[in-house]
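Okay, got some structures for you below.
Both complexes shown next keep subunit A, but they swap its partner, so subunit B is in the first and subunit C is in the second.
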Partner chain A sequence: MRRRTPLSSRRLGLAPVAWIAFILYGMFLLYPLVRSFLFSFTDRSPLQTDSDFVGLDNYRELLSDDRLMDSLMFTGIVVVSVTVVANAAGLLLAMILNRSTANYRVMRTLIFIPQVLSGVVVGFIWRSLLTQNGLLNQLLEQIGVIDEPVAWLGSSGLATFSICAVVSWVTIAFATVVYTASLQSVPRELYEAARMDGTGAFGRFRHVTLPMVAPGMTISVVLCLITTLKLYDVIAVLTGGGPANSTESTALYLVNVAFTGNRFGYASAIAMLLLALTAVVSYVVTSLLRRREVSL
Partner chain B sequence: MDRYDNRDPPGGRAFDQIIKEDGMKRRRSTFAMVTGLMTALALTGCSTSESGGSGGGSGGSDLTFMTFETPALTADFWDSSIAEAEEVAGVQVSKIVTPNADRTAYAKQLQASGQFPDILSSINPKDFTGADLLEPFDQAWLEENFTDPDGNAIDGATYIPPSNSQIIPLVFYNKTIFAEHDLEVPTTWDEFVNVVTTLREADVTPVQLAGGEPWSASLPLAGIITADVLGANPDWIQQRYAGDVSFTDPEMVSAVGKYRQLIEAGAFDDNALGVNYADANADFLAGGAAMYPMGSWFIGQIPAEDAADFGTFLLPSETGEAVVPFNTGGTTSVSSGSSDVEGAVEFAQAWSLSTDNMRTLIETDGAFPMLSNVPFEDFGAEVTEVYTDAYRFVTDEPLQVSAFGQVNNDDALPPGLVDQFNALSQALFTDGDVEGQLATFDGAWDQAASAQ
Partner chain C sequence: MSRSASIHRPSAQRPSLRGGARLTGAWAVTLVFVLPVYVAFVSAFKTQEQILSNPAAPPAPFTFDNITEALQRPDNLVQAGLLNSILVTVATLVIVIPLSSALAFYVSERSPRIRGALLALFALGLMVPPQVVLLPIVLQLQDLGLSNSYTGLILSNVGGGYLSFAVFVYVGFLRSVPREVIEAARVDGAGDLRVWWRIIFPVVRPATATVGIFLGLWVWNDFLNPQFILGPLQGQTITTGIYVSLGAYSTDYSHLFAIMFLAAVIPVVGYLVSQREFIHGLMSGASR
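Right, the complex of A and B next:
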C-alpha cells in the first residue's frame, strides 16, 4: 500500500512556488508601495530621476486641495451606491437563479460575463450606448419615453448616475456568484423545517437565508467596497472625469496629478491617502459584518 | 515510485539524514534560484533606463516612434510614412501607438517607466523641455526648410519642426441654413450674438458643441479669449508667466463672460455636454446646427460632395478686427536620451519634409503646409473649396496670434493647465460665477507654473 507523502517532503516540493509567489508579491506590490511611500515625501516628477525631500508638504497640501475633496466625495457616492445596489441585486438574482437545471446554470454564466470583461471594454461598450446618438436614446425615443435625446453623460447628476449604473452592472455579476455559492451551501432541511413551522417566504428569507449567506455577504460587500474605492478604468473611458471634473474619482485624479500635472510626489501622497482610506473602510466594514454574522 | 518513500532508503544512508541533506540542497538551490530571479527581474523590470532606443550609434539602429491614430491618420498612414522615412534615415523604427488622444500624458507614463520613445508625434514639448528630454532641431535646417522657422520655438530652441499650421478654432457654418434665415456671416460680436438669437428663435441649434469631450468642449471659449484678449495683446501669455496680468483682469473676465452670454442665449443645445466629437461632427454635417467652432482639421471631415454647403469664418473679436487663432503645427519630436539621437533626428527630419505625408495631412487633416521649398501644387493634394476658403486666413496674413491653450511654443500653458481650462469651459454651463472660477484658475496657473 502506498503511504502518504511526509509533510516535510511536501513542504520541500512547494517551497519554490511559495518563494516565487513571495517574490512576485514583493516586486509588484511591496516594492511599488514602499517606493510610492518614499516618493510622497518628495517633489518628484515623472520626467526627472532626481527629486528633493519636501517633508510633509504633500500631506499638508491634501488638506487644502478642493479638487481632491470633490473627488473623494464623488468616490464616496459611487462606493455607497454601487455596494448597496450590487449586493441587493446580487442576492435577489442569486435567489432567483439558485436552481440546478441547465437553463439556470447557463443564465448564471451569462450574468457573470460583465465581471470577466476589462473595465476599459465595459467603458467603451457603455459609452457607445449612452452617447447622444447611442442605442439607449434611440430605443427610448422609439418607444416614446423621451422626445429628445437625454445627455446621460452630459450633466453632473446624470453622469454620476450613469457611472453608478455601469459599475453596478459589473459588480452585480460578482455579487451574484458569491451569493449563489453561499445559497448552495444552505441545507434544504432548514427551509423544510421553517415551512413545517408555518414560516412564510419573508420569514424564511429573514431567519434562514440571511443568516446563512452572512459570511458571503461580508466577502461581497468588502470586495465591492475595495473595487469601487480604487475605480479608474471605467470612468476614464466613460466620462474622463467630466463634465467639469464632476465625475473624477480619486484614483483618476491621482493619475491626472501624476501624469498631466507632472507631480509624482503629490500623487504618491494621494495614493497613500487612498490606501489608508481603503484599509480603514475595509477593516471597519469587515469587523461590523463579522459581528453581525455572529448576532444573526 | 515516490523518491522519498521510506520503504526503499537509497544508498544505505539513514533516510532522515538524506531528507535533511536533500532539503538543505533544495533550500540552497531554491535560494539561489530566487536570488537569481530577483536580480534578473530587478535589472529588467524595475530599471529606469534613460533611453528608449535599443540601437547603437547612427545607421541601422532600432528606434521607437510614438504615434496616435485617428479616423484621418490611420495605421496605414503611419506605417507607410514610417517606411518612407526609415529609408531616408537608414534606421528601423517600431511604432508605439498611444491608447487615446492624450499623447503628452502617455509619453510621461512611458518616461516614468523607462520607455521614453526615441521619436514622439504631436506632444506638447513644453512639458518636457524643463527636464531636458527633447533634442532641439538645427536652426539652419529649420531656416532652410520652413516658412516660419521659429513658429514652435521655446526659449529660442525648436523641438517640433514647424511643417504645417492650423486655425483653432475656425467657425464652420452651414450656408443653406444661413440662407434660409437670411443671415450674413457675422464680423462683429454683436452680429454674432444676433445670428445666435435669430437661429434660436427659429428653433434651429445655433452652435454645435462636442461638449462631451473636454478638449473639444473648450474650443469656443478658447476662440473668444484668443480673439479678444490675445488679439488685443499678443504678449498676454508671456505677461501672465511674468505675473504682470491675471485671469481676473477685466479684459479676461469680459471675454469669458461672453461665453456665459452665449450659453444663456441658447447658443448650444441643453444636452451639449453629452455630445461626443464623432456625434457632433455627424450632426453638424447632417444639418443639425448652423455653426460649429472647431479646429481647421475638421475640413478633412467634410465630404467633397457636400463641401459647397459649408463655409468658414473667424470668431469675431470685440473690436471687429479679424484675429486668427493660429497654431504652428508639426509632428516629430526627438528624445535627447535616444541611443541614436542622430538617427532619430534624421528620421524626424525626413518624416517632416515628406511631401507624401504632407499631402495626406492636407487632404485628411486640413493642414496648411509651411514647407518653404515646396509650392502648394507640388503636394498634389486634392482639396475642397472649404479648404481654399480657410487657407486665405493663413496666406492673406491677417493678425495671427497664438491659439489659447493649443500651441506648442513659448505661449503654451503650464503642464496640466489645459485640462483645467477644458474643465472650466464645461463648468461655465452650470456655474455663472465667472470671476470666482477665473480666480481659481489663476491659482492653478501659479501652482502649475511653479512646478515646471
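Right, the complex of A and C next:
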C-alpha cells in the first residue's frame, strides 16, 4: 500500500494532548486531594509561614467538635429528607406528566426550570417568599391556616424545615425529568399484560412501573445524595447557616473553618471526613440499588 | 413518546372528561411548583411597593425602571459581571471540549485494563465535593502567581471535576461509534490526532452538545469557585455579583430581582432553546 501522507502528520499521536489533560487534572484535582490529606495532619494556617506536623490531633478534635456534630446532623436530615421527598414527588410528577400532548410537554419544560437557576438565585427567591410579609405567609393567612406571620427562617427547627423544602424544590425538578425519561422506556405491552391479568392500578405501579424505573431511580437517588452532601450556595444565601449555626451544612462549616477561621489543617480534616462520607454513601447506595435493579 | 400516551389511555367510558380533570390537575400542580419562578420574573418589572403588597400580582403598571437602574449602577456590576461570566464560561468550554474529547478517544483506544484504571481515576473527579479541594487549589494558584485571576479560575475549572464529567460523556458516546470508521481512517495512514480531528470530533457532536450545555450552565451558575478563587478584589462573575448585592441591598427587592433577572435570563433562554438536547443530555450523561 502506498502512503502519501507525510510522516509527521501521519504519526502524530494523541499522547501529547492526553498528557496536557492529565497534567491539568493532576494539578487541579489529584494533587489538591493529596495535599488536603497531608494538611489534615498539620496545623497549617495562612497567618504563619511554617506549619507543624500534629499527627492525629485534628482528627481527635473532630470527635469533640459540637459545631461539626451539629452540621453533620443537619446535613444528614437534609440529605435523607430531600432524597426521599424529591424521588417520591419526582416519580409522582413524572407519572402525572407522562403524556405526549403539547400541554404536558409545556408542563415538563416548566418543571425543570429550578434546575437551570443558580443556587444563589434560588436562595434569594425563597428568602423573599419566606419573609414575615412574604408571599407564603400572605397566602397562608388568606386561606386561614395561620393567624400571624410565621418566621420560616427564624427558629432552628423551622429554618431546617425550610431549607429541606427549598432544596427539595430544586431536586424534584431534576428527579421528575429523570423519571419521565425512564417511564418513556417502559414497553406498553407490560401494562396491557398486567391489565389483562386483572392487576389494579396500584398493582401495575408496584409490579410494572417500579421495577422498570429502577435504573432511573439509581441515577436519581445517587445524584440527589451527592449534590445534597455538598450543599452550599442555597444555604449561604438563604440563612447563612443561622440561626445560631443550626442550618450550617458540613460543606459550609468546612468553608467557614478554612476561610473565616483560617485553620487550614483542621479544615482539611473536615474535608477528609466529608470526602469519606460521600464515598461511603454513594458506594453503599449504588450497590444496594443495583442489587434491587437485578432482583426485581 | 406517542407510546406513552397510549399506555395510559383511560379505559373509562368518558375518557375526555377524565382527561380534562387530569389536565386541570396537572396544570394546577405545575403552576404551584413554578410559582416562585413566576414571582421572581414579574418582580423584576414591579415597584418595591407592588412587590411587598402583592408579590403574586402581575406587573401592572409595568415598569422598566428596575432593569434600567440595575444597568446604570456606578459600579457597573451587571455588565461587568455578565462579561466576566461569559469570558470564564466560554474559555472553560473552549479548552475543556477539545481536551476531554481527545482524552476520551485516547482512553478508549487503550487496553481494557488501562482504560479501566484511567476511568477509575477520572471517576474521582465526579465524586469529590468541590469544597474538599478548594483550599489546596487556592494555595496552589498563589504559588503559581495566579491567585485572584481569571486564568486561575479557568484553569481550575478545566482541570477539576468538569473534566471528569466531559470525559465520561465522551467515553460513553464513543462506545457507540463503529470500530470500522476509526480503522478505515487508520488504514489511510492518518495518525490518531488526525483521526480525532477529522473523524471523531464531528461524529461525537451530540456528546459535545451535552458537555457544552451542562458545563456551560454549571460554570455560569458556579458560586463557590469564583467566590474564593477570584476573591472580591478582581471583580465578580454575575453569580457572585448577585451575592455581593444581596449583602448591600438586602431588602431592596425591586433592585435585586432586576439583577437576578438579568443574570438568569441567559441560562433560562438557553435552556428553553436547547431543551431537546438538554433533556437528552441529562439522560445520557446521568446514566453512566
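Everything below uses one rule, namely that the second predicted complex is superposed on the first by the 263 of 296 C-alpha atoms of A that agree within 3 Å, B and C clash if a C-alpha of one lies under 4 Å from a C-alpha of the other, contacts with A are read in each partner's own complex, and residues count from 1 in each chain.
One rule holds for everything that comes next: a contact is a pair of C-beta atoms (placed from the backbone, for glycine too) under 8 Å apart; a residue touches a chain by one contact, two chains touch by 3 or more.
Just so you know, these numbers come straight off a predicted model, no measurement behind them.
Asks: Under the stated touch criterion, which partner chain does A:Phe264 make contact with: subunit B (first), subunit C (second), both, or neither?
Replies: In the superposed model, A:Phe264 contacts both subunit B and subunit C.
Asks: Check the residue A:Tyr31 against both partner chains and state whether it touches subunit B (first), subunit C (second), both, or neither.
Replies: both
Asks: Looking at the overlay, what does A:Phe205 touch: subunit B (first), subunit C (second), both, or neither?
Replies: neither
Asks: Which partner chains sit in contact with A:Phe161 here, subunit B, subunit C, both or neither? Use first/second/both/neither.
Replies: A:Phe161 contacts neither subunit B nor subunit C.
Asks: So in the superposed three-chain picture, is A:Tyr59 touching just subunit B, just subunit C, both, or none of them (first/second/both/neither)?
Replies: After superposition on chain A, A:Tyr59 lies in contact with neither partner.
Asks: Now for A:Val116: first (subunit B), second (subunit C), both, or neither, which partner does it touch?
Replies: It touches subunit C, and subunit B stays clear.
Asks: Contacts for A:Pro243 in the overlay, against subunit B (first) and subunit C (second): which applies, first, second, both or neither?
Replies: first
Asks: Would you sort A:Gln132 into first (subunit B), second (subunit C), both or neither based on which partner it touches?
Replies: Only subunit B; A:Gln132 stays clear of subunit C.
Asks: In the three-chain superposition, say which chain, subunit B or subunit C, touches more residues of subunit A.
Replies: Of subunit B and subunit C, more residues of subunit A lie in contact with C.
Asks: If you stack the two complexes on chain A, which partner ends up touching A:Ile20: first (subunit B), second (subunit C), both, or neither?
Replies: both
Asks: For subunit A, what residues appear in both contact lists, the one with subunit B and the one with subunit C?
Replies: Touching subunit B and subunit C on subunit A: residues 3, 5, 9, 12, 15, 20, 27, 31, 133, 258-259, 264.
Asks: Which residues, counting only subunit B, touch subunit A once they are in their complex?
Replies: Touch residues, subunit B against subunit A: 2, 4-7, 19, 22-23, 26-27, 30, 33-34, 37-38, 41-42, 45-46, 48, 50, 102, 104-105, 108-109, 111-112, 127-128, 130-131, 133, 211-214, 217, 270-276, 279, 282-283, 415-416, 419, 422-424, 426-427, 429-431, 448, 451-452.
Asks: Spell out the residues on subunit A that touch subunit C in their complex, using ranges where they run on.
Replies: Listed in rising order, the residues of subunit A that touch subunit C are 1, 3-5, 9-15, 17-18, 20-22, 24-33, 35-36, 39, 93, 96-101, 103-104, 107, 109-114, 116-121, 124-126, 128-129, 133-135, 138-139, 169, 172, 174, 177-178, 181, 183-184, 186-188, 191, 195, 215, 219, 223, 226, 229-230, 232-233, 236-237, 251, 254-255, 258-259, 264, 267-268, 271-272, 274-275, 278-279, 282.
Asks: List the residues on subunit A that touch subunit B in their complex, please.
Replies: Subunit A residues touching subunit B: 2-3, 5-6, 8-9, 12, 15-16, 19-20, 23, 27, 31, 43, 45-49, 127, 131-133, 148-156, 158, 240, 242-245, 256-264.
Asks: What residues on subunit C touch subunit A, complex-wise?
Replies: Those in contact with subunit A are residues 1-8, 11, 22-23, 25-27, 29-30, 33-37, 39-40, 43, 51-52, 55-56, 98-100, 102-103, 105-107, 109, 121-122, 124-125, 127-137, 139-140, 155-156, 158-161, 163-164, 187-194, 196, 217, 220-224, 228, 239-240, 242-243, 246, 253, 256-257, 260, 263-264, 267-268, 270-272, 275, 278-279, 282-283, 286-287.
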